Structures are given as structure tokens and as C-alpha cells.
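Shared between the two complexes below is chain A, which has chain B as its partner in the first and chain C in the second.
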Partner chain A sequence: MMRVVRSVLALMFAAFVLYGMQHTRPLYSRITSPIAYSGGMNKRVEASAFALSLDSVRVARVLNTETFGKSKTYTSSGVWVVVEGEAEAKFETLGLTSGEWLSGSGVRYVLTDRVPATIEMMSGDVYQPGLPRRVLLMFEMPEDAVAGGTVVVARTKLLPLDDEIRIATNVSGKDIEPAITIRRNDEGPPWTVLPQR
Partner chain B sequence: MIAGLGGLAASAISFSMTLYEAAHPPQVPVMQAGQQIDTGRWFVTLRTARTGTVPPTGVPQSQPVKLVMVDMDVVNRSATPNNVLYRVVTISAPAQKLDMPTAYLDRDKYLAGYFNPNMPERLTMVWEWPADVPVPDKITVTVTGQIYKRRDNLYGASGWYDREPVARVDLPVEKAP
Partner chain C sequence: MDSSPAKVTSTRRGYWLSMAALVVAVPAALAAQTWGSIKDWRAQHLRQPVAATLGQPVDYAGASWTVTRFTRLAGSGGNAVVLAEFEAVAADPKALGAIPCEVRLADESGRAWQPTLFADPVLRQQYPEAEQRSLCGGVAFAAIEPGQPARMVASFSIPPAASSLTLSIALRSALPNYLSVGEPRT
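Moving on, here comes the complex of A and B:
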């Protein structure tokens, strides 16, 4: 009899401990989340495999693209955010395929897939060690997601525990231009953001 | 011995539940076109349906096929961009399995990619209809619900999971050339 009671008690205790652990331990997504290196605008932020600096964030209601003599207008129910900077691989050639805008309230917006691939966005390029390269990131988001946003860049979205660079932008979200044009250049830098400022 | 009996009981219960559910299909609420449907992850408002051979890009295909197109408004209510609408909005053809639909963003008249959170968009979902089956005058669109689990049962990972249909909408099918 005592033995039965004891094993029932032990079972209940185990269930209690497991329930407690299930509800107090960090989430799986948290345990396997990337290792973040944080920084601010106009600073070179170093992760273990690559480095990134951002120098310009512009917000516009309409995005125009000009590539190979073709122009197209992209409207949005929110605003367009165009970010420019420089990225460099440190030890081996790599791609930076994942770019996200993390809004102040924690909602994520990924690099737009609406603009043509002839406009070279960060995710389409290859980064060689020792050769810093200009990067262009374009996001589409509701107006209230702009202020206090953070740009999050990683090699890929699929590798847990890989590096990730988080750069806090200092945009207020108030300065919204009516339209921005991204032009693909035939020579020199691969693109120009117009109007220049 | 006890574990074996337990397993047997579990399979008996699960089998009888499946039988019961098959015998008593859940009642899916019937909604109207233009009504906003809350699926959990999305707000979906179905607008109109039409059939034709020209996809929403306006460029006829080189080998035209019968298409069934459904216009709708969607809002992604989750915290991450997503484009898996083909599991949320489904139609069915009599005695045939339809291929996965293609989504077109009305804004661009081009293939839709990710739908960002809290950004209402109008889109057209396009299904290829089997050539030997006539398109009915009315199609039934089923909208499936999804729930968010903070910890799933396998890894304890967070994610969205498909649930039962939340609405059924009958749409008249316009005939376009």
C-alpha cells in the first residue's frame, strides 16, 4: 500500500515539476534564436562573420524604379523605407539573404519582393572578405511601424544560433517624402536613390 | 501490461472520435461576399469570382487554360510576413483535386509575395480548372481558421496551426472571355 502511495506521489511530483519547467523555461524560438550584435546608425557593427554599417534611412509614400529604360511605380497602403549602408564579409565569401525591419512594437517586415531583381538589393549580392560593398534594403510597412525601428540582417533566416546584426535606426517617422526613385546605373555605383540629398 | 492496455484504449478512443467526427461534420457558418472573415491569422473579405483564360496580369498565356479567379481583401494580423494563403482560402472542383492556386497582387498586377502585417491588400487568387469539367455558375469558397500556439506539442516552438473551416461563402461566377 505504502509503495503505491509513494509512486503516485512521485508521479504527481514529476508532473508538477515538468509543468513548472514547461511554463518557466525560455521558448524554443528564444533558445535557438540568432546571436545578435547591436549598434546604431553610421557605425560599423561587427558580427563574427560579417560587418555592417547603415548611413541612410529614407521614407516615402511612393517608390519608383528605373531599370534598363523601364520605369515602374509602386504604391503601398503604408510607406516605403529605403535603407543604404555598407557590408563586408570577414573571413569567407557569403550572402546576406535575410533583412528585416523590426518595428518598435516587435512586428517584423521583410525585404520587399515586389521590386524587380535588376535593382540590386542586399539579399541578391555576394560579399567577399576585405571588399566592402554598398547595400540597399527596401521595406514596405504601415506608417506607425517606422518610428523606432531596427534593421536586422543575417546570412539566412534558417540557421539557428548564427550571427545577426541589429542596427537601431534613429528615424522619427515624421519626415515622409512624397516619392523616391531608385535608378539602376550602367556604371559607377549600382544604383542611385533620387532625389539626392 | 498496463501500458499495452493504455495504448489500446487510446487508439480505440481516437478511432471512435474520428468515426464520430466523420458522421457528424461540424457546421461551418455560411457568410456573404463582402463580409470580413476572421481566421485568426488573417482577415479575409471575399469579393467576386469569375472565370476566363486571361490571368490578372492582363497578359494571355501562350497555351490558354480555364482559370477560376477569386478577388479578395486580406490583412495579415500576425507579427510576421506570410504568404501561405492557399491553405486558408480553398475551392473545390467536383471529383478532382485542384492544383495550388497562384496569388496576384492587384496593386502590381503581378505575382504576390509576402503580405506584411497590418497592411490591407487586395489580391486575386487563381486556380487552374480542369479542362473537361464545366465551371459551375456558383462556387463555394471555404475559409480555414488558424490558431497560434506559443509552444507546440513537439518542440515547444511557437507557430500558427491550421484548424477547422471558419466560413463558407457562395460566390456567383462571372464569365469573362
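Moving on, here comes the complex of A and C:
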């Protein structure tokens, strides 16, 4: 009789443990999520494979581009956020193909694909070890997603457990310019954001 | 139910034999399952250099390879530019061209650079003929007859302070071996 009771108790205990494990199991996406390195504006944040610093965040209602003598205007029902900084690979040549704006409420906005490729955005460039390079990121988002946003940059969204740098911007969301222009340069820095500040 | 001593002994023996078989079978199954991954990891991470010097032909991956130029220039943006030219003579150029080829430059601290597709205008000004060459891979061997050299090029953008540079050429079929040429001393 005792043996039967012991067996039933062991079975119940095993079922309880399995139930607990099933319900506290982290999602696969969480287990393999990127390893985040965080920092603030105007500071070089070092991940294991690359480093990134951001020095300018500008918000505008209209975005103009000037490339090879051609001008184009991009309007939006929201606002444009233009971020500039510097990135550097640490040990091997790499690309930084993933850039996101993480709003204060947790909504993610990816880099815009409306701007022509003749404007060199971060995702189209190659980063060499020891050669820091200016980066440009442009996002389109609702006005209320700007305040307290965080820029998230990674080599790719597809590699599990890869580096991810998160830089908290100090943007209030109130300082919105009517329009800004990205001009492609033939020499020197690859672009200029106008009007200059 | 038969519970004679002979039957009990036989059952016990079977049990312990099964346990012993598991000790062998589980690692063997794991090894068989992951053998491909282990081979890939070894090819990627435990590479063996086949050393060569500038101008000296070396047999590698079924062809005779010669690095004909390995030179460093001052780049236009404060960086340094490295130009490497090399050629391969193969009995079957088409077969060699079908194998993925990886060229890279490394320094003594372990940093590694990939080719930059003649991005720096200094190269086009000083070595315009090099731009006509192909990168390592299928295009370089496409119109080559057996026994003719396939001429290839790679250029790199590196920091001026990078030292003790090594050019490496790796063909997938020959891994973990790769061709390794050190920067000539000037």
C-alpha cells in the first residue's frame, strides 16, 4: 500500500515540476536575443565586434535630399528623425544592416526605405577595423514616438546572440524643425545636414 | 512469474549490458550527428597556413599560385591602401572558378580586412591596369584556358599604423589550408 502511495506522490511531484517548467520557460526569441550594450549620446559605446557613438539627432516635418544636382522632397504624416554618428569595426570588416528607433512605449521603427540609395545610410556601408566612419540613420515615425527614443544598431537582425548597441537619445520631441535637407557631397564628408547647427 | 535465481541473474545482466551499451551509443550518436558541424568549425577556425613569398609559385587547391604584387600606398582619406595582385595556373580553370574564394588581410593584432573594390581613387590613379583584373573567384577563371594564368586583384583600406600584414587566400575545397603571404619588408 505504501509503495502505491509513494508512486502516486512521485508522479504528482513530477507532473507539478513539469507544469512549472512549461509555464516559466523563456521564449526562444528571448533566449537567443541579442546581447545589448547601452550608452548615451556623445559617448562611444563598445560592443564586442563594433563601436558606435551618436552626436546629433534632428527632427523635422519635411525631409529634402540633394544628390547629383537633383532635389527631392519627402513629406510625412508623422515626422522625420535624422541621426548622425560614427561607427567602427573592431576586429573584422562588417556591415551594420539593422538600425531601429525604439520609442518610449516600446514600438520599433526601422530605417526608412523611401530615401534614395545615393544618400549613404548606415546600412549600405562597410566598416573596416581601425577606420571610424560617419553614419547616417533616417527614420519616419509618428510625432509622439520621438520623445525618449533609443537608437538600436546591430550587424543584422538574423544572428542570435550577436551584439546590439542601444543609445538613449535625449530628444524631447518638442524641437521640431519645419524642414531639413540631406545633401550628398562629392568630397570630404559623404553628406551634410542643412541648415547646419 | 518466473523468479528463479537464474532468471533474475539473466535479467540483471541484460539491464547492466544495456546501460553499458548506452554509455557507448549516446556519445557515438552525438558524434555522428555533429560530425559535419565539427568539420565545418575546424575548417573555419583551425586554419593551416601554406606559406609563400612574393613572386614565388606555390601549389594550393590544385593550382599554382603566385602573388605578384603586395604594396602599400597612402590613401586619400588619411587611411592606407594595400594592393595585392596574384595569379593562378590550373589544369582545370573552370572547376577552380566554381569554388568560393575568400581573400583577406590581417595584421599582427588579429584584425582582418576584406577587399574594398577599388574604393580609393589613389589606386585608379597609380595602378589603372590593376582595375581591369578580376576579384578572386569564378569571373577570373571564366575565359581562361588550361595552363594559362588567371590574374586577380584585391585592394584593402586599412589604418596607416597597421603592421606585419599577411595576405590570405582561402578556397573552400582546400580548407583548413590557406595560402599565406607576408608583407614584403621595404
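In this section, the second predicted complex is superposed on the first by the 178 of 197 C-alpha atoms of A that agree within 3 Å, B and C clash if a C-alpha of one lies under 4 Å from a C-alpha of the other, contacts with A are read in each partner's own complex, and residues count from 1 in each chain.
The working rule: a contact is a pair of C-beta atoms (placed from the backbone, for glycine too) under 8 Å apart; a residue touches a chain by one contact, two chains touch by 3 or more.
Remember, predicted model here, so these are calculated numbers, not experimental data.
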{"item": "First, second, both or neither for A:M41, with chain B first and chain C second", "value": "neither"}
{"item": "Partner chain(s) touched by A:T93 [first = chain B, second = chain C, both, neither]", "value": "second"}
{"item": "Which superposed partner A:A147 touches (first chain B, second chain C, both, neither)", "value": "neither"}
{"item": "Between chain B and chain C, more extensive residue contact with chain A", "value": "B"}
{"item": "First (chain B), second (chain C), both or neither touched by A:V126", "value": "second"}
{"item": "Touching partner for A:I176 - first (chain B), second (chain C), both, neither", "value": "neither"}
{"item": "Chain B and chain C contact sites that coincide on chain A, given as residue numbers", "value": "none"}
{"item": "Interfacial residue positions of chain B with respect to chain A in the complex", "value": "79-81, 105, 107-108, 110, 113-114, 116-121, 150-151, 155-158"}
{"item": "Residue numbers on chain C that touch chain A, as the complex places them", "value": "79, 104, 110-114, 116, 157-159, 161-162"}
{"item": "Contacting residues of chain A [partner chain C, same complex]", "value": "90-93, 126, 128-131"}
{"item": "Interfacial residue positions of chain A with respect to chain B in the complex", "value": "22, 27-29, 74-78, 106-110, 112-114, 140-142, 145"}
